[in-house]
Amino acid sequence: MRVRVTTEALDPWAEVTAFQSDSVHLRGQFGATACFVGTMRDFNEGDAVTRLSLEHYPGMTERQLEKITVAAADRFEILDVLVVHRVGDLLANDPIVVVAVWSVHRKAAFDACRSVMEELKTNAPFWKKEYLQQGARWVDKNTAG
Amino acid sequence: MSIRVRFFASLKEQVGYSETMVSSDQVATVGDVLQQVDRASVLTGRLLYAVNMEYAKLDTPVAEGDEVAFFPPVTGGEP
Amino acid sequence: MRVRVTTEALDPWAEVTAFQSDSVHLRGQFGATACFVGTMRDFNEGDAVTRLSLEHYPGMTERQLEKITVAAADRFEILDVLVVHRVGDLLANDPIVVVAVWSVHRKAAFDACRSVMEELKTNAPFWKKEYLQQGARWVDKNTAG
Amino acid sequence: MSIRVRFFASLKEQVGYSETMVSSDQVATVGDVLQQVDRASVLTGRLLYAVNMEYAKLDTPVAEGDEVAFFPPVTGGEP
């Protein structure tokens, strides 16, 4: 399992490819990979959003993400999980988060990927501040799952 | 007792700083720490608490050297 | 929407990246991408599988995949769908299929991606023949979803 | 009436060829075509049918120039 928080531009597909190449134990074993990528939109709640600032709690974030991936591995029949989350300043179209899950069959991969995303949104200490043309605002609620 | 207190996101802006120390023998719980750092009640909205990077409640006990954090509901993941 | 059947090696992440770059209408509009990749395992039903031959019905396959993606776009609030399916001779660890869905919020992307995979397994005319050490066999049933 | 008939996967191996033509005025449905091409009943297992690349049933009518296909249950997607 790998959990990573990065201030640098996130290339979700490169992350997934690199993790898969590094994971010798997956070779020939997995039949299913479910992957989710969250990307910054240029609008939210009807307003144009020019940029986003993503704050987090270094140390606690990684700890919570690790708990989430361990819980998913306990609950679902999966082979591995990867979570990479961007922090810092983002522009529209920038990927924010990637969650990828490997398993033998597709059901576990889909279920676990979705579950990790829901837990991440509920329990990982990240906060979004949106910059609009007329100022900035903290995003104060999550989108429904 | 000496406690490191941290604020994140909108709470950091409300108090005007990201961290402080509380040194008092009067603090036994997260709630006590909150009272100490927010005497003027500037913190608004729903608050979450963490002790040593684990989620906590107002009645969670705190000990010498602990790190206590206050922050608003989290909003990670996709937009 | 793009549907493609290929006899060449399939790089799922390259397909998704290329489609996303080509899709100007997605820029700044999507917040969620759900992606599923099916990959050949080196075992099935307890037996070592050395290679796989994937047959299809050219013309009908594309038509059925298009119907499946149109149905998903009707049923879920999604912005776009990509399906690429490999045919021909495959070795262990070779990607077989990639399904990717773009939407504003994650629920629709997850639901549609899963639905397309289920429909594909039920309605797209592909047939797998597995080569074992002691001979070959047609795979005669799908895995449960 | 002239119908192009195609076989896929295990059915192709059972009949020994991938396609044939049926020319007869006695065929009105997919079931009639099946009887014509499988007089010896070599096709075993569950069969699926398509007419002009759309799924069909045994009683689906066929017309001059149609392409009728017989194949086993499909097994695409991930393993």
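Annotations
Read from first to last, the chains carry the letters A, B, C and D; within each, the first residue is number 1.
Note that in this section a contact is a pair of C-beta atoms (placed from the backbone, for glycine too) under 8 Å apart; a residue touches a chain by one contact, two chains touch by 3 or more.
What you see is a predicted model, and the numbers here were worked out from it, not measured in a lab.
Listed by label, the chains that touch subunit A and also subunit B are C.
Look at where the CA atoms of subunit A average out and do the same for subunit D: the two points lie 48 Å apart.
Inter-chain centre distance (subunit B to subunit D, centres taken as mean C-alpha positions): 72 Å. For this pair, subunit C with subunit D, the centres built from the Cα atoms lie 26 Å apart.
The residues of subunit A that reach two or more other chains are 31-32, 36-41, 105-106, 117, 143, listed in rising order.
In subunit B, the residues that reach two or more other chains under the touch definition are 77-79. The touch graph of these protein chains has some other shape, matching none of line, ring, star or complete.
Of all possible chain pairs, the ones that touch are A-B, A-C, A-D, B-C, C-D.
Interface residues of subunit C, counted against subunit A in their complex, comprise 12-14, 16-17, 27-43, 92-93, 104-107, 109-110, 113-114, 117, 143-145. Interface residues of subunit B facing subunit A in the complex, by the touch rule stated above, are 6, 8-10, 45, 50, 53-55, 69, 71-79.
Of all residues in subunit C, those touching subunit D in their complex are 36-41, 44, 54-57, 59-60, 63-64, 85, 96-97, 117, 120-129, 138-143.
Every residue of subunit D that touches subunit A in the complex is listed here, in rising order: 77-79.
Subunit A meets subunit D in the complex at residues 31-32, 105-106.
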